[in-house]
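Two complexes come next, and they have one chain in common, chain A, joined by chain B in the first and chain C in the second.
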Partner chain A sequence: MDTEEAVRKVAQLKEKIRQLKEDLTNAETELETILEDRAFKSRPTDGASVRDDTIRRDVSNERDTNGAGQRGAHSTDSQVGDPASPEEIHREPNNVNQTTESDNPNGPVKVEDDCVWYGEVYSKFSKDITERYSRQILLDQVGVMGQEKLLNASVLIVGCGGTGSPCIQYLAASGVGTLGLADYDRVELSNLHRQVIHTTHTIGQPKVTSAKRFISAINRNTIVHAYQTLLDTSNACDIIRRYDVVVDACDNAPTRYLLNDACLREGRPLVSASALGLEGQLCVYNYKGGPCYRCIYPVPPPAETVGTCGDNGVLGPVPGVMGTLQAVETIKLLIGLPVMDKLLVYDAELSKFLSVKLRKKKEDCVCAHPADTQLVDYEVFCSSRANDKTPDISILDPTEHLTALDYRDEFLARRVAHTLLDVRSVDEFAMMSLNIASHATMADVQLMFAEAGECPAFLESLREDILAHRHVFVICRRGNDSQKVVQLLKRYVERHRPGVVYDIRNIKEGYKGWQKYVDNRIPTY
Partner chain B sequence: IVLLFGKVKNHDLDLPTGEKPWTIKGLIEWLKLNKLTERPELFVQGDSVRPGILVLINEADWELYGELTYELKENDTIMFISTLHGG
Partner chain C sequence: MPEKEVVLTVLFFAKAKDLSGTVQSTITLKSPIDYSSLLNTVVNQFNLNPLRHSLILALNEEYLEDSQQVLDLNNNDCLAIIPPISGGTYLINTIKVPY
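Our next item is the complex of A and B:
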């Protein structure tokens, strides 16, 4: 018992240290933000701080006639997808004196409602803004008016993960004035291969905090509203209403249906993307009479058919490509260029893009009467949780479980003869495993212990090896699949080994349990 | 879905000709019987594909072609794509 107590104590202290480290990181971030803000505010009036004054929706006709003709028909000052009127769009209070003479020799001499004067020179935007966005203002398709629309626009990005990361990055860099970020989750090490706006320094922090920090490093002009919450029926409409466009960069089916319905209600276009493995999909819903998500997918997929990045894996740049495309379509939408009216499918394995012509809006769909859309409980509707975490199952009797700690103390430490059967995939087993473990995939196990049917010879000999010991323990990543195998094994020995008493148990919580209770140095994934 | 068809992405099919022309409905049934290597419930539901699978006929939404009743022609490309939810 002494060892157990000591182990527990060590684990407790380690947990305490982990928490203190997290608190310290958060406090440091907060301090950094305060100091940065102070340094920023104490700067003399310069280009960046006059941003809110120089940007106005009502473009002066007189001064814009020169450029307008060249930019073609798309750059008319039309409203985007019937979004909120400019008055409704949330703006930060303006506390800059409009006509202060600047102490900074590089600063503007005079700021007026719709321009900045540098001596004799009239400038549409401040020096900072003009220089920062000049490369895209030069484009016929964007121009001064397009840039002005971006600066006045607001976009809500739901999900600061693999697709959200590059989307946030490009929208902030392109000068979208206000970004709303919604994500309930925190940064983990296993996120970093694809969620490229987060860093090793922000592990453990809320993703929205980490993302906000990233944005402030690339563009101090961007106004950021962070919502560290799970969007649901109670809050989605209130938040969505404050933005012109919604970017769906989430990772689960319930949230996709929620965003669709809330966007219908609030009359907002939805730029949606998803990725898994080596595939990605992109589509713009609820825009200019096009279909909504429910027109295409009226019935949610069965929960067991929905893969997650955590279970199935994902190649890092694939969500990156999709998120980048989301940023492109969002920018085009905001400045009034025609956007994708197809479903774009990216197959990274075959290096192929496919654009699929979609059906028209369905007359019997909820989107026929968008204002009447009623939000429902989307977790019930989809029979799955609004996150991409795998839920723990419990199908065994409590006596059929063995904790990782008990397994180590009673069997490994005492060298009791037993079989440990690892039922994860080949690559998971190759990534890390207990060195005593035998390996068989779930598919192998199903063949070996099937009620009927042929079984290849190599599996037959593996089956004999497994059943050579009276103690058989089954382990997997989290302790879910292994429970099914315990049931399968028990049924098999009842039928095929009558009279032999076997002790077949599940290693509770699998390798996750080993990491949690026995040895936290081992990698988890 | 690829996993359900022996991990093979593209299949060139020579469908047996009979009296009645092949429809998408018939194709789904035929695939289930002849090509599906495991867990049919992850592909079909009733006489159609399960929710969350979009059928493409020559790279366009099957809804534009009458879904299950569409009659296959020589060299048609039929794709089954699964909705993705990761991000």
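Our next item is the complex of A and C:
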């Protein structure tokens, strides 16, 4: 499609929208007139007061329209509607307050709109909406106005994982009208201990689909837009623009910087939370003249100092706490309460919250001129990937790899004497390992095969055991760390065992490979 | 401000815990001190060099700005060292074999 055609199409669609809007306004006016007219006609002539034992269903498509004007028209009349109207349902007077929609099929008609008359009673919201949110409408800080703001609000949640789960849950439950969900990933069994909106039934599904299903189960009024994509410079601004607030519940530095910059450009506040291990952080950026993420963390941390949940682990409720706090701040922001202007740090190990009073905007930061913010390649900027997956690397010669299948067939099946050295952590080894494997952590290995320095006696004997066989194979979780050990071992035997020929190789793809090609009954993690 | 020697409590968070090998420690400093000398001393004493450019120093729960202004420290002041938390994995070309 060439530019001209595209421009023409946009113009045509805009015109269509304009016309539809006009039609809508006309229809609304017409409806208003009819309703007013009917209210007037149904005024009782004898002036006797009438019980509100009739429910009238009003038809109204727009949440916001009709409010004050109709209220005025109806609240001044204290009478029932036209009994002949098919939209009215008569009930026993005493049942008015006991009957619910679900247990009486002839009960009040289910209403989708928020302006409904129960006889002469005016109700801001429908019965369903009033009842559902009553406990929060009762709060002075929320009230009917606050609830209305929530119902009309839209929030984009980036990341449907550990922090995203409770945040999505509470935002949907408290009535935020529209939720956008962005996540490229699919649900895995190893997600479920912390990503509590996903279930065993949704394993393998896109997280956004699973999240959408969850939302519809707790609040079918919520409009959900699902984006099963990795946000990047090409799509972030277009998506962010459609929402009032952005919730950053992602798991990586590149996406965090991307969201910051895109929110600056589009003028959207960013409620950001992160969690790893037993710690979490929460902060609201780019709101009411406050700092942006770059003001606080101008330089991304070096990639080798950054951990992932996949590699370092995370205690389930810790992202849960952060995501819940994130929902609290988002709701406060949407209804216009003052939000947290500090960086909240949660340390679950010490059971401690620390709130750091933040700086003002940094003068030389990009946020000084938000409209000029240019999006960059964030993976390069952070020297890390915008996902939680560890890539497979190879630093060895192809001949230095041994596939899991070949290892089984050539060495295990033929009972060839060899050493299998497992270099994962103590807990990973305890969780699952091949029976034949010897174990040494990466730290042990570095001591054992170091160029110089002291080596404890127990490691020396382990080193002799390892080198007792000519065939030494190194295995780890994914086959990355083990490659470094192969290099280290080779260097060591060259120096310390001259003239002895060793066959030192890496088990390709580690236990992941074993699971994939040899035995899929072993757990993956 | 009179020059004096003060002992501060230092709290470590996230990756700073791993690098320093502890959650809490103390440091003896000369007061007054400027931001960069404070950062240098802390980074060197606690082995935090990889995070030097990506951490927040918070003195008594208040963000310290990187400015020329000198800081007046007191005994028992609390200095928190807070690097960002975020997952994400290495790009292939950044992987270095450290040994």
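Please note the rule applied: the second predicted complex is superposed on the first by the 411 of 525 C-alpha atoms of A that agree within 3 Å, B and C clash if a C-alpha of one lies under 4 Å from a C-alpha of the other, contacts with A are read in each partner's own complex, and residues count from 1 in each chain.
Convention: a contact is a pair of C-beta atoms (placed from the backbone, for glycine too) under 8 Å apart; a residue touches a chain by one contact, two chains touch by 3 or more.
If you're wondering where the values come from, they're calculated on a predicted model, not measured in any experiment.
Aligned on chain A, chain B and chain C: do they clash or fit?
Because the two structures are overlaid on the shared chain, the partners are seen to clash.
Determine, under the contact definition given at the top, whether A:Ser438 touches first (chain B), second (chain C), both, or neither.
It touches nothing on chain B or chain C.
Which partner does A:Ser383 reach: the first (chain B), the second (chain C), both, or neither?
The answer is second: A:Ser383 touches chain C but not chain B.
Pick one for A:Gln228: touches chain B only (first), chain C only (second), both, or neither.
In the superposition, A:Gln228 touches no partner, neither chain B nor chain C.
Determine, for the superposed model, which of the two partners chain B and chain C contacts more residues of chain A.
Partner touching more chain A residues in the overlay: C.
Touch check for A:Leu488: first (chain B), second (chain C), both, or neither?
second
Of the partners chain B and chain C, which touch A:Pro319 in the superposed model: first, second, both, neither?
Touch status of A:Pro319: first partner only.
Identify the partner contact of A:Gln141: answer first if only chain B is touched, second if only chain C is, both if each is, neither if none is.
In the superposition, A:Gln141 touches no partner, neither chain B nor chain C.
A:Gly159 in the overlay: touching chain B, chain C, both, or neither? Say first, second, both or neither.
So A:Gly159 only meets chain B here.
In the superposed arrangement, which partner chain does A:Thr524 touch: chain B (first), chain C (second), both, or neither?
neither
Figure out whether A:Ala249 sits in contact with chain B (first) or chain C (second), or with both, or with neither.
first
So which bits of chain A does chain B touch that chain C touches too?
Common interface on chain A, chain B vs chain C: 250-253, 256, 274-276, 279-281, 296-302, 304-309, 343, 345, 349-350, 354-359, 388.
Going by the contact rule at the top, pick out the chain C residues touching chain A in the complex.
Touching chain A: residues 11, 13-15, 19, 23, 50-51, 53-54, 56, 58, 61-63, 65, 80, 82-92, 94-99 of chain C.
Quick one: which bits of chain B touch chain A in the complex? Just the residue numbers, please.
9, 41-42, 50-54, 56, 59-61, 63-64, 81-87
Show me the residue ranges of chain A that touch chain B in the complex, using the header's touch definition.
Spelled out, the residues of chain A in touch with chain B are 159, 161-164, 249-253, 256, 273-276, 279-281, 296-302, 304-309, 312, 314, 319, 322, 343, 345, 349-350, 354-359, 388.
Looking at the complex, which residues from chain A come into contact with chain C?
The contact residues of chain A facing chain C are 250-256, 274-277, 279-281, 296-311, 343, 345, 347, 349-350, 354-359, 379-380, 382-391, 393, 395, 446, 450, 484, 487-488.
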